[in-house]
Structures are given as structure tokens and as C-alpha cells.
Amino acid sequence: MSTEAKPLVMLGLPKGSLEEATLRLFAKAGFKITKSSRSYRPSIDDPELDGRFVRAQEISRYVEHGYFDCGLTGHDWVVENGSDVVEVCDLIYSRASAVKSRWVLVVPEASPVQSVKDLEGKRIATEVTNIVGRYLKENNVNAEVEFSWGATEVKVPDLVDAIVDLTETGNSIRANKLRIVDTLLETNTKLVANRKSWEDPVKRKKIENIALLLRSALQADKMVGLKLNIPKEKVDGIMSSLPALRNPTISPLSCSKYVALEVILDEYVVRELIPTLKAHDAEGIIEYPLNKVVPD
Amino acid sequence: MSTEAKPLVMLGLPKGSLEEATLRLFAKAGFKITKSSRSYRPSIDDPELDGRFVRAQEISRYVEHGYFDCGLTGHDWVVENGSDVVEVCDLIYSRASAVKSRWVLVVPEASPVQSVKDLEGKRIATEVTNIVGRYLKENNVNAEVEFSWGATEVKVPDLVDAIVDLTETGNSIRANKLRIVDTLLETNTKLVANRKSWEDPVKRKKIENIALLLRSALQADKMVGLKLNIPKEKVDGIMSSLPALRNPTISPLSCSKYVALEVILDEYVVRELIPTLKAHDAEGIIEYPLNKVVPD
Amino acid sequence: MSTEAKPLVMLGLPKGSLEEATLRLFAKAGFKITKSSRSYRPSIDDPELDGRFVRAQEISRYVEHGYFDCGLTGHDWVVENGSDVVEVCDLIYSRASAVKSRWVLVVPEASPVQSVKDLEGKRIATEVTNIVGRYLKENNVNAEVEFSWGATEVKVPDLVDAIVDLTETGNSIRANKLRIVDTLLETNTKLVANRKSWEDPVKRKKIENIALLLRSALQADKMVGLKLNIPKEKVDGIMSSLPALRNPTISPLSCSKYVALEVILDEYVVRELIPTLKAHDAEGIIEYPLNKVVPD
Amino acid sequence: MSTEAKPLVMLGLPKGSLEEATLRLFAKAGFKITKSSRSYRPSIDDPELDGRFVRAQEISRYVEHGYFDCGLTGHDWVVENGSDVVEVCDLIYSRASAVKSRWVLVVPEASPVQSVKDLEGKRIATEVTNIVGRYLKENNVNAEVEFSWGATEVKVPDLVDAIVDLTETGNSIRANKLRIVDTLLETNTKLVANRKSWEDPVKRKKIENIALLLRSALQADKMVGLKLNIPKEKVDGIMSSLPALRNPTISPLSCSKYVALEVILDEYVVRELIPTLKAHDAEGIIEYPLNKVVPD
Amino acid sequence: MSTEAKPLVMLGLPKGSLEEATLRLFAKAGFKITKSSRSYRPSIDDPELDGRFVRAQEISRYVEHGYFDCGLTGHDWVVENGSDVVEVCDLIYSRASAVKSRWVLVVPEASPVQSVKDLEGKRIATEVTNIVGRYLKENNVNAEVEFSWGATEVKVPDLVDAIVDLTETGNSIRANKLRIVDTLLETNTKLVANRKSWEDPVKRKKIENIALLLRSALQADKMVGLKLNIPKEKVDGIMSSLPALRNPTISPLSCSKYVALEVILDEYVVRELIPTLKAHDAEGIIEYPLNKVVPD
Amino acid sequence: MSTEAKPLVMLGLPKGSLEEATLRLFAKAGFKITKSSRSYRPSIDDPELDGRFVRAQEISRYVEHGYFDCGLTGHDWVVENGSDVVEVCDLIYSRASAVKSRWVLVVPEASPVQSVKDLEGKRIATEVTNIVGRYLKENNVNAEVEFSWGATEVKVPDLVDAIVDLTETGNSIRANKLRIVDTLLETNTKLVANRKSWEDPVKRKKIENIALLLRSALQADKMVGLKLNIPKEKVDGIMSSLPALRNPTISPLSCSKYVALEVILDEYVVRELIPTLKAHDAEGIIEYPLNKVVPD
């Protein structure tokens, strides 16, 4: 093992709930990361890369210290840890959805608390004690903040007066008969880099390539390819009335009054577009999946 | 919640064995339906749609009553419930196969029963008591029909003389040493609509669009895209001898005596086609997957 | 059942760890093999084919005996069983990776054994007793070889002096504090055929078609399609500096100074290629997945 | 198989949620019932007994018809099916608890329905349509009753106005924001017998023995054995002040001023009794588990 | 690790299907064997004992070689391996039942084979090739015997003419439409010891103690304790008419015309005994479970 | 719900790895705690008790605050949280074993760190930052302590120089090629009480009863009952040579030269005792399980 070359870039990968989604994302980006069940050391099919699986909460800390050249973690944990790192790009993916999450101040539906000011002298449980501490200070409120080891939302009102917890849709909060009072921080996954690695041109080039490929893979999740044939004389009409058909490739079809049109577009517009295209005499409409859409 | 807009169309979705396949079908059609594990209320990423998961047996009843504007259910349950609904289109998908299922009259291999006439005075267990009752009446046979709560096929010959049960291939029936005497009803999944909703032009338009997208997604499951290059002079020969290559897109290749040919076709013909194409000097043959094939 | 036509070709399919991967491979090749959970007789949607699931270790034996016309099994078991069969083609696929495996002679890290010669009078456990027996004989070494029913690698040094075991990367061997002394045999999955079936031109044609389709599906796992637009004047420069872009399809874009370029290439080169293409002013780069890449 | 003796008594056993608990109950009673995973025919280690697993809803029907001599089923299904059977004894056991369940009329919390009278013209979903039909008739109420295939409690208020559902504690009903209006029927598991089998003295003797052993096993679940030593002179005081110590066995201890006291009593009294016994100078208190407590 | 004392006795424990049952048996005997999920080295709470989990097929081989002082394995594998070991005692336990298993010669129901003599020139698959080889030789039959890696019973009639397989009840064989022609060997689990260890008095003493405790635990699985009170004048009558009440402990009850009777007996007689005892005016009958019944 | 009586005592129960063991312990003590899968509010079959499931790390905090009257938690978390609570009694139980655990300072095998003094200027990861902070201060060492969110032992040596982690046997630490330098704290589960609740005589009485019953149940896990018959004349000899037979109950057997001896003793001595008893002519030796052994 002593003869192994040092990898160019050391990656911090999030262990736990994002783990599977992260492996799939890298695979789509073109990097095969294999993880044996017992180990936190994955093997990566790129000799320039090595990595470790660490809890998302801790990645920014070890990127800052320089053990990782870059890593995937939430913006929230960069703030909570006060880590001095470069935020390279957003990587909005998660198990259930693709929206931003937020840390919110939550109280029971029936609580008298209407704003942060009403927390004076109260007790608040949270996983992000630094963020909450700063928030209270900025609002000149004195309250006791205690670290919560999990299952935070069952703690109000029995154990504490309020909590600061993470939510995507707020559904679970409402189902628990709780109420959101304020938003402290919006967050999503980011690729973050160590400051010194970012200044090293070779490492920075590699990190930028990884960022480009990950973003290409993420974008492909939400986009599809569409092919169709339309009568030549209808091309202009369709193009002007359907702005979703941005930058199509139009090819003549041999011996035909039709042309072939191919376009890459957001998946969510397709369900509206197809009935409209049919109304414009489009034929042979097919949709195909994509692996990568490289940002121009 | 009181301020939420009423959705344009309310969908009845089958709970249980078809649930996963239904979610995948809608996803492919372009609708993301998210279902929390405990709830029968999914969330759908189209503000014009809402839905509920209900047992397939009950959907036609609630479509008829107007609680759902449309729903996915088997033709058999429309008949069993005697529901007055519009059958919009077939949606042939299921867990294991894409063939039609049928409700059959089944007796033990050694039973003397050879036709429905021999059931006079016998006892029959089934999940579809109305269908069986009507069938006996049409054949002027008096027999006792009892509702079976499940595991119907183990009931003959110990508990009843005959059963009416659902089968796709008949394999399980033969494995249980049983014999099919008659077929009462062929069935497959349908999209059905409430009569009043179908008369409302806005709702009908939406339901027709859903039908179009679901059918496009189903068709794509069985079709693929094929690309290949052939010598220009062989195009006509290939096209006439290979009728599977219907409606290809033929494009010239720059500086080449080859042309590029692209075609969408049924997956099951590909395995026969590829060896033949190679025998015709086709090169660079690739097959790619499809998300949707919109019916012309 | 007595009226069922005899299938043209009888297939031996590997049961156990390769089973799922084999079903997926055939599905991608265009053959839907359905396996009920209790049965070793699958159903195949091609009336010319029938098959059985048998342990990989035994397939070559039943291909040689003629019960199977062809089958998928490892080269190692052909050798171990001494089966006289035709090796039609390599099919390199497995659960975890796509590399060759090898049977290696393994001893504890601290063992004095440095070569096969040091095994004189020792005891060796292995699943391939014939291969090991021949290996010892070729090296004029007398040692006791005993059949191991599994978990072979925990047997050294407590129960035996050395083992001959299968490994892909050697990681598990090193983790058990063992050392590789020699390689006896490299192996991978093959399609093998019965000698008589291979001489029958109709059967051979069918077996060759199966081989072609399986190889096309395997190749598609490692390749992708890439599309992009480049300024007309840059085409030659890119083509000469990027040898990976072998045999592209280049099409003119209507009313544009760009041309569309499409190419099929190995997935692993894409991650290097994309940054380079962007540096050459390529635009609209997308990658799409493939089902089959037919070898020319 | 033709030479197998006919068993004396044929047992109907409930399939599904009560299945595991039933097997454990019979095992404790002394009958080992082995069930292969695919079969509804168990094997029983008593040559006089045979049995079948059938849905609990259907057992009373097949006991009445005489296919089973006796069976375990709920009182509710005897009533729903209108089966003419002998109710031999109560067997109060279930997965979660040992209390009676009840079928209750349930409406949304905010519903105007306050009594059965308010159901006039409404729609009610239930699994027990006969029980509900009779209940409405007795109350001179006209309402539509529809069969529910399950998940009944999510149907109010969207799909129907009211439901009749089974509950033990009412917790799930309250959690769904529903309200209980009335109780239609209390129910628990019973051993029921066919009228003719009950008149046959040999069969009746066997059924009574099964009943005795099942009741002994059930009683043992709630009782324990307690042993302790007390000073001779305290015996009378303890016995009079602790009525739970009914019918103890008191034995002299050799060469001691203590006597040994042993008693069988309900487990739930032990947690109160032990501190009291210690206060009365009892020593060496131990509690041991029981397999059977035969009713006197 | 080099300073660890060598254990007095090294145990071979069967890995696989008997593993869980073996751990429970030792626990009941008083030895806590803890097995980490990845390791084949358990830890045992007796400093004089160490052990390894090895496939049951291989244990006798390593007991003979002296690596284990004793081990649990089937009599069949002692014979198959031709191991020269001491069979200390029977230990009849298994997952499903407590009966002996047997290796049987099995052919398809419709096969012409009626006795071993009819196997001349046939092919037979089995896991015990040595036992089958010897059996054929004793019967002067020439046939090909091939090693089966498992799922032996699906191999007839397609792949081989006959099999020799293990069965307990023969149910699975009949369900596969096969027929038993002959029994080659009866077998059950045994404790076997190395000949040299058995001659060492200290080791032998330890092995005998283990055997005694394991047998005590096994016996307790099939026996229970019964307590009851009977009128003094009925004691003799009951004792003479109920031979199952062997060796009871009879104690006077203070101030009572009853005596207390306690007896240890086979569980399977209890279900017959209890009704009879009640008929003899027995009262307060309880049954309690046992951990060990030491053979006298 | 507003009319529900307030329970006398509110219990803090540990969520997570100890949860199942805790439910079993209370069940054996006589309290049936039922936990629905989604809720942290169990129901307890004692109207004087209510409880909540909370992470073990947080229980002492909420006992100190008075939300719980008492709770089960580790001594370590009482210390880490600096909670001012009453430690009522030890309750040594856990998933795998019954031994004490300890928080230890751990470094890589090859690390130069030999004592706490060598940590000057190093970085240490731990879940118990307060305990480690105090430990460093007491030893006048300056080092950076960082909170570890889990999987602490994979962090050395890559991410930090040392860790402080919990261990029972040290096996996992050695398997990871790490070395224990020092022990900071021994710990086991305790019942802790709120100071004010402890001063309230009614609450204290209830808490003491709970403690007594839990300890009785725990003690019964490690003890068994033994019964045997010995010749009258051997009683004194056995009693003096076998000190394990403390405080037996000796009863005369009617018409016999044997006496019955019954004793409660530690399970681990039984495996030594039984062979010895047999050597002393004991007969009819049986062992039975216990539910509770109340401490005298």
C-alpha cells in the first residue's frame, strides 16, 4: 500500500440518507464509486480521485482542515460549523424531491409564540445550536438552546417550548399540529472546496470538471429528448407559438414534405406540449431519456 | 386548507398490487405522484390534478358517484359493480405481463362438471358474485354463489364444488390440479370517466390528455429506437424486404457512401431484425430506450 | 403438455449469484425470461427457446451431455469438470464488476510458503479439486487436496495450510491477512455450446444470434451516445485532436454555422471528453443511454 | 393417501392476522400445528385432528355446512354470516391485546350526525353489510350500505358519509379525526362447533378437550407462579390481609421458623403484591412462568 | 493474542441451517455462544472452551484431524467422509422437527426403476457420492454417480435418471411427483469426538459434561412440569390407572384433605392426561416449562 | 383528553438500541408498555404511570428539568450533561451482554501517543465533548475536541489524532487496528430520579417499587430454579461441599429414603454443578426458568 500514488483530489462524501443518491449521481456523471458494506473507504474508478464517507454534518469541517480537497454537504452545515470553504456550485438533489429545504422555528399550533421576540426565557431544542444561538442574538432574545439528538419534532410542547427543525414541504410539521413561526436559513446541497486546493490550478481544474459532470447529470434528471416530424410549411408557426422548443435541430427528411425536429427540453413541459404538437399536425412524436445535459 | 383551489380533475388510483406499477406509469407519462407511506392522499406535481388511492374493486363506484372524475380500474369491476361510466381507453399494464386476464369457471381435474349446466345445485365461491349470478341466470342454472374473501383456488374441492377466479396464463390453476370449464369475462385495466365530467369540455380535454400521455408511456415500454448506417445502394432493398422498418428517418452522411437510418419499432422484432440487418451490410447498429411513443 | 413443440434450443442458465444479472442481460438482449419463485423452469417469450436454471458449476456437464444446446458458465467450471464443449464467446458481466476473476493459491501472510514447491506434504482446501490436483501434479508436488463446501478463506491457517480460492481484486484476501502465492487460472463467463448442436446449422444459427444479441447488450452497458453542435470550421480540428470521436455522424443544421455531431463511445472517456469539447466551443452537449451496440 | 384414516375432528383455523397467534396458542395447549408456507393444509401431531386455514370471515359458514366440526372465528362473523353454529367457549386472544373489540358507527368529527336516525338517505361503507343492514332496519332508517374492501376509515368524509368499522381502543379513530356515534356489536374470538358434530358424543368429547386445553393455555398467559418464605407466625396475618393469595400451598421447611408458600395468581397483581409481601417480612420471593392453568 | 491460554476443548459447530438452533441449544445447556455476523470464531463464556463455525459436512474431517476435540455433525457426513471418530451421543434436534432423516434413492413416479438393480448404466446425482458409490458396489451395479451442488430434486428426470437425497417426511418428494425406491442411510445429529482427545481423561470429562448438559436441554424441550392437588384417598387410584405419572413428588398440604402432587412428564401426554385428571377430581392443575431435565 | 387524570409518575424511556430490551424488561417486571410504530408516546397498563421514548442521551436532562419523575439512562450521559439527579439503582442490561461499558481514549496502533500528556495540540473526536474537555483540563493538556456525529472509530488516523469512544470488550477497537490508551469513565444503565419527585413520599414509594420490580426481573435473567432428589443421608455432605446450594428448600418425600431439594441459584454455576450432583447420587434433577427473583 505504501507504493500507492497519492490521489490528486480527496472527496468528502455524505454518509447516511444521501448516500445512495450520491452514488447514483456520481455514476451518472461517469464515476463508479464502489462501497463495501462495512467500510467508509470507497473505491473510485478514477486514479486521480479518492474519497471517504463521512456524516454530512462533518464534511465542511474536514474540507476546511484540508483533509478533503472538496466535498458534498449542505449549506446549512457550512454555516453551523462556521467553516471557511469555497462554495463551488449548487447540487440540488435529494431522496424525495428537488426543492430547497429550510430550517424553521416551530411551535405548537396553540402556542402564544408569534415571533422570535416571544421566545424570551423559553427553551428551544435543535440540531443546529450555533445557527439558533446567532439568530437569537441578532434578535436580542435570551433563551436556552439545547442540542437535540433527533426526533426533534415530538419534543414540543412536552419537553421544550419551541424547536428549530429542517423541513421541505412543511407537511410533517402540520401533521404534528405544529406551526412555523419564522425561517432561519434556506439550504441545499453544495460542492464545497478547500481554499488552498482551490488556489492550486491542477486541483481546481479537476474540481471544476467534477462540478461540470455532476451538474450535467443532475440537469439530465429533469430533461428529456423529443423527436417529431412536422410538415415543412408548419415549422415557423410551431416555432413561434411554442417557446419551449428552444434551439431545435431541424433536418430534412429524404423525399418528404416533412422535416425532422429534435429538441432537448424540461420534462415537465412535455405533458403540456404533446397535445399541442398533435394539434399542429406533428407526427411520430417520441421522447427519450438522457444521461447528461452539459450546461453551455 | 380552505383556501386551496379545487383541482380540475380528481383521479381514482388503484391501491394494492397495481400501486407501484401505476406510480411508475404516471411518472413515465410526466406526472410525479408522491405517496407518503401512511396516507391514501398522494401529492401530484400538477395543480390541476388531485387523486386518492382506493381499492381497484371500488374505483368504478366512486367514479360513477362523481367523487372521481376519472380512474384506473379493471373492466371486470366496472361490470361487477354495474357502474355506469365511460370507458375512455385500455391501459394494458400489470405486474407480470401485458396480456389480458380472464375470469374462468374452474373445477377439480377429476370433477364430473363439463359445462355450466352441470353446476345445478352446486356451491360456487368467487370474488365476483354479481358476474357469476348473471352468468348462471343466463344459462338457467340454479346454484349457490358465495363470496370468497381470497385464496379462492384452495377451496375446491374441499369447501365448494367450483370457483370462478381470475387467471392470466392458467399456470397456477393447472399447478393446483384444477381444470378450466368456461370463460365468463375477459378483462384489462381501463381509464374510466364519470359521465358528467366527460360532458364538461374542459374536464374532458384534461382527461383525454392524461389518456394520451399514459398510452404514450405504455407504448414506449414495448418499443425502442434503432439507428444504423447502410450503403446508399442497399436502402431500397432493405426497405422492401424488411417491413418492420416502417417510416424510417433517412439522413445522408457527409462524405460517405452510407446513409443513416433511424426507426422506432417494437422491441420484440429487434432480436430477429439485427442478424438480418447485419447480413445486409448494415453497420453501427445501436438500440436506445424510449420514454414515450405518442400514438399518431 | 404432450402436444407442446420441442424448442429449437435448450439453454442452461446459472442459478444463484449470477441469476438476477443474467435475467437483466437477456431482457436487454430482447428475451424476456420469467421465473416463478419456486421453479427452476423459466418461461421465455421466444417459442424457439426453452431453458433451465442450474448451478453454474454444473452447466458445462449438462451441455456436454447434450441436455442443453448451450449455456452460460465460467471458463473455470468447464476446466474443472473437464467438459468437452465449444466456447462460443466471452460474456464478461457479474454483480460487482466487469473484470476477470482468477483462482489463486493463498496462504497466511506469515506462512513460510513462497511457491507451489513449498506445499509438499501440506493440506489444501478448495472448491476446484481437479484444477488444483492437476496443478500440483504439473509441479511434481505431493499434497492433500480437500473439497471445501464454502467459506474457504477462513480455513487458513487453522484448518488447512493453504487454499485455492476465487478473487477479483484481492481486497478480501488482504483484509483476511492472507497472501497470494500464485495464479492457477483466469476465468470469466462464457457462452458454451454442445459439439453436436454446434454442427447442426439451424441450431448453430440460433446460438450465434443469441451470442450476438447478448454481446450487443453487454457492450451497451459500457457505451453511451453523445450529441453536440460545433462550429463548422472547428470540425476538422476536433476530429484530429480527439481520437475518441471515432466514426461520428455529422449532419448540417439548417440555417446555421454549426453542424450536429453524434457519436457512440465508451462511457469512461466521456468524463475526460466533455471538458475538452467545451474548450473547443462545442455547445448543446448531451449524453443518452443505449440498449444495444451491435459489434460490426 | 387413500389409506389415510379420516380424522375424528376437522378444525377451521383463521388465516391472516390471527394465524401466528393461533399456532402459538395451540402449541401451548399441546398441539403442534406445522404449516408449510404455500399450503393451507397444516399438519397436526394428533392423528385424531386435521385442519385447514381459511379466512376468519368464512369459518362459521364452513362449520355450519359441516366441512369443519369446529373452528375459531369471531362472534361478529357468526352474526354477519347468520351461521347456525354452537358457540362452545370464548377464546380472548389477539395480536395486540386481550380486550373485546367492537363494531362502531363512525363519522367525521365535524359531521352533523349524532345518532343512527341522522343517517337517513346517507351512504355507509362497511365490511359487515348484513349487520349494518339489520341495524338500520331496526332503527327504521333508510340508507345506502356499500361493501368496503378495506381501509374503510379513510373513506369518510370524502367517499361516504359514515362507516361501520372494528376498533379495540378507538385510538386510531380519534387519530383520523373521526367520532364514534354508536356501538353495533361487541365481539371476540370463539370456538364454534357444528350442531351435528356437537350431538355426536365422541366428537363432542374431543371438542370439549380442545376447548379445555386452549382455555388452560390462554389463562396461563395472564397468570404466574409465586413462591416465598414467611415466618410461621405471620402466615395468618398475610393471608387475611392479602386476598390475592387465594388457595396457597403451604409447606413446612425443615428446621426453620419459616414456612414455604406457593400460589398461582394473576400476573397483574404481582407488581402490587411484591412490595407488600416484603413489608410483611417475606423472603426468597420468586416468580416463575406457566404453560397451562386448567380451569377448576 | 499469543499470551491467551489454550482452551481445554475445541468445538466444531455447524454453520448454516442448524446454526441458530445450535446457539439456542447451547444457551439452554448453560453456554452462551456469541457470534459476530462476519466471523466464524464465536466467543464462549467458558474459558475452557473455544470453537469454530464450519459447514456440517466438514466437521467430522477436522475432528478426525484433531483440530477439533469434538463437534456436532450428522452421522451421514461421518460416513460420507469415512472419518474415524468417536460417536459420543445422539443430539436429535433440527429446525422443523425432532425425527430422524434418511438418504433415499428417488426416481420419477413414472420411472421403470423399481430397485437398485435397475440402475445399471444410469446416471445418479447426489451430494453424498461416497455413500452412493459404496451402495452401488455392494449391489454389484455399475452406474455413473455425479456430485450435485444442490437443488438435487429438480434434476430428475431431465438431467439424471435418479437422485439420492435427504428427506424427513417424504412430503417434498411426493409433491415433486417423485418416488422413493430405497433407503441408503438413516441419520441424525451426533456429538463426535477425536479419538485422542477421548483418551485424555481431562478432555473426556469435559466432553462428557457438555454431552450431559446438551442432552438435558434437549430433553427439557419435550417435557414439562405438572402440579395438581388431589383428595388423599384418590392418590392410589390415580397412580395405578395413570402410568404416565411416574415418580411423582407427593407432599401433604397443611390442614387439608388434599395432597399436592408434582411430576415431570412428556409434553405430548399432557393433552390426554388433563381431561382424565379432572375426571378424577384433581384441582389446581398447572403446567410449567423446564430448562433442563438431567437423564438419571 | 383534558379530563384524563395526571399520572403519578412520568417515565423517561430510552429510544433506539435499548428500546426493545427496555420493553422486554418492563414486561418481565409486570408492566406492559405498548408502543405504536410512529409514536413516541407509549401506553402503559398502569394508570399511575405514563412515559415517553426519548434518546438515552437526553433523558437525564429532562429528568433534571422535572418533565420526567424518573428515567432509564446511562451514568455517562448523566455526567456528560452534568445533570443533577438521584441515581436510584443500577440496571445492568443491554443488547449483547451484561457487562459494564467504558469510554476510552483510543489511538492508532502505530501512534506515538502513550498517555493523555501526548495529546497536547492534537485533535480528538468524541460524542462526549464535556467529559473529554474536563479530562484534558484535569491533566493540564490543551487539545482540540470536536463533536463526532457517529462512526467515530473510522476517523483515526485520517481525520483526527485520537478519539474517545464507548466499548464493551475492546474487540471492535482491536479489529480496527487501534489501541486503548486510557479509560475516562465506566458506565452502565441506571434508574435516575428527579430530586423533587424523590422528596415527595408518594412518588418516591412508586419509584422504589418500579426499581424493585425491574431489579427482580433483571436478576431472574441470570438465575434459575433447580429441583432434585437426594438420599436423606447424603444431604449434609452435599450441602457442605457445594456452597452454591445456598438456602435450599428441603422437603421429605412420602414413603421414601430420598428428600426433595429445591434451590434458586445463578445459571452459570449450574453447568458445573450438575455433573457434581450426579456424582453425589442426586436423581430427578430438573432446571426451570424464573420471571422474577426479588432481592431480599
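A, B, C, D, E and F are the chain letters, set down in written order, and residue numbers restart from 1 in every chain.
What we mean here is this: a contact is a pair of C-beta atoms (placed from the backbone, for glycine too) under 8 Å apart; a residue touches a chain by one contact, two chains touch by 3 or more.
A quick map from chain label to UniProt name: A, B, C, D, E, F = ATP phosphoribosyltransferase.
Model, not experiment: these values are computed from the prediction.
Colleague: Keeping to the contact definition above, tell me which chains border both chain B and chain D.
Modeller: none
Colleague: Could you tell me which chains are in contact with chain C and with chain E alike?
Modeller: Touches both chain C and chain E: nothing.
Colleague: Which listed pair, C-E, E-F or A-C, reproduces B-D with over half its contact pairs identical?
Modeller: C-E
Colleague: Of all chains present, which has the mean Cα position farthest from that of chain D?
Modeller: That would be chain C.
Colleague: Please compute the C-alpha centroid of chain A, do the same for chain F, then give the distance between them in whole Å.
Modeller: A distance of 43 Å separates the two centres.
Colleague: What is the distance, in whole Å, between the centres of chain C and chain F, each centre taken as the mean of its C-alpha atoms?
Modeller: 53
Colleague: If you average the Cα atoms of chain D and of chain E to get two centres, how far apart are those centres in Å?
Modeller: Computed from C-alpha means, the inter-chain centre distance equals 36 Å.
Colleague: Where in chain A do residues touch two or more other chains at once?
Modeller: Residues 251, 288-289 of chain A each touch two or more of the other chains.
Colleague: Once the touch criterion is applied, which pairs of chains come out as touching?
Modeller: Once each pair is checked, the touching ones are A-B, A-C, A-F, B-C, B-D, C-E, D-E, D-F, E-F.
Colleague: Can you list the chain B residues touching chain D in their complex?
Modeller: Against chain D, chain B makes touches at 15, 40, 52, 54-55, 57-58, 61-62, 67, 146, 148-151, 154, 158-159.
Colleague: In the complex, go through chain D and note every residue touching chain F.
Modeller: Chain D residues touching chain F: 96-97, 171, 224, 229, 251, 253-254, 260, 267-268, 270-271, 274-275, 278, 283-289.
Colleague: Mind listing the chain A positions that touch chain C in their complex?
Modeller: Against chain C, the touching part of chain A is residues 29-31, 34, 36, 45-46, 208-209, 212-213, 216, 220, 225, 247, 249-252, 264, 288-294, 296.
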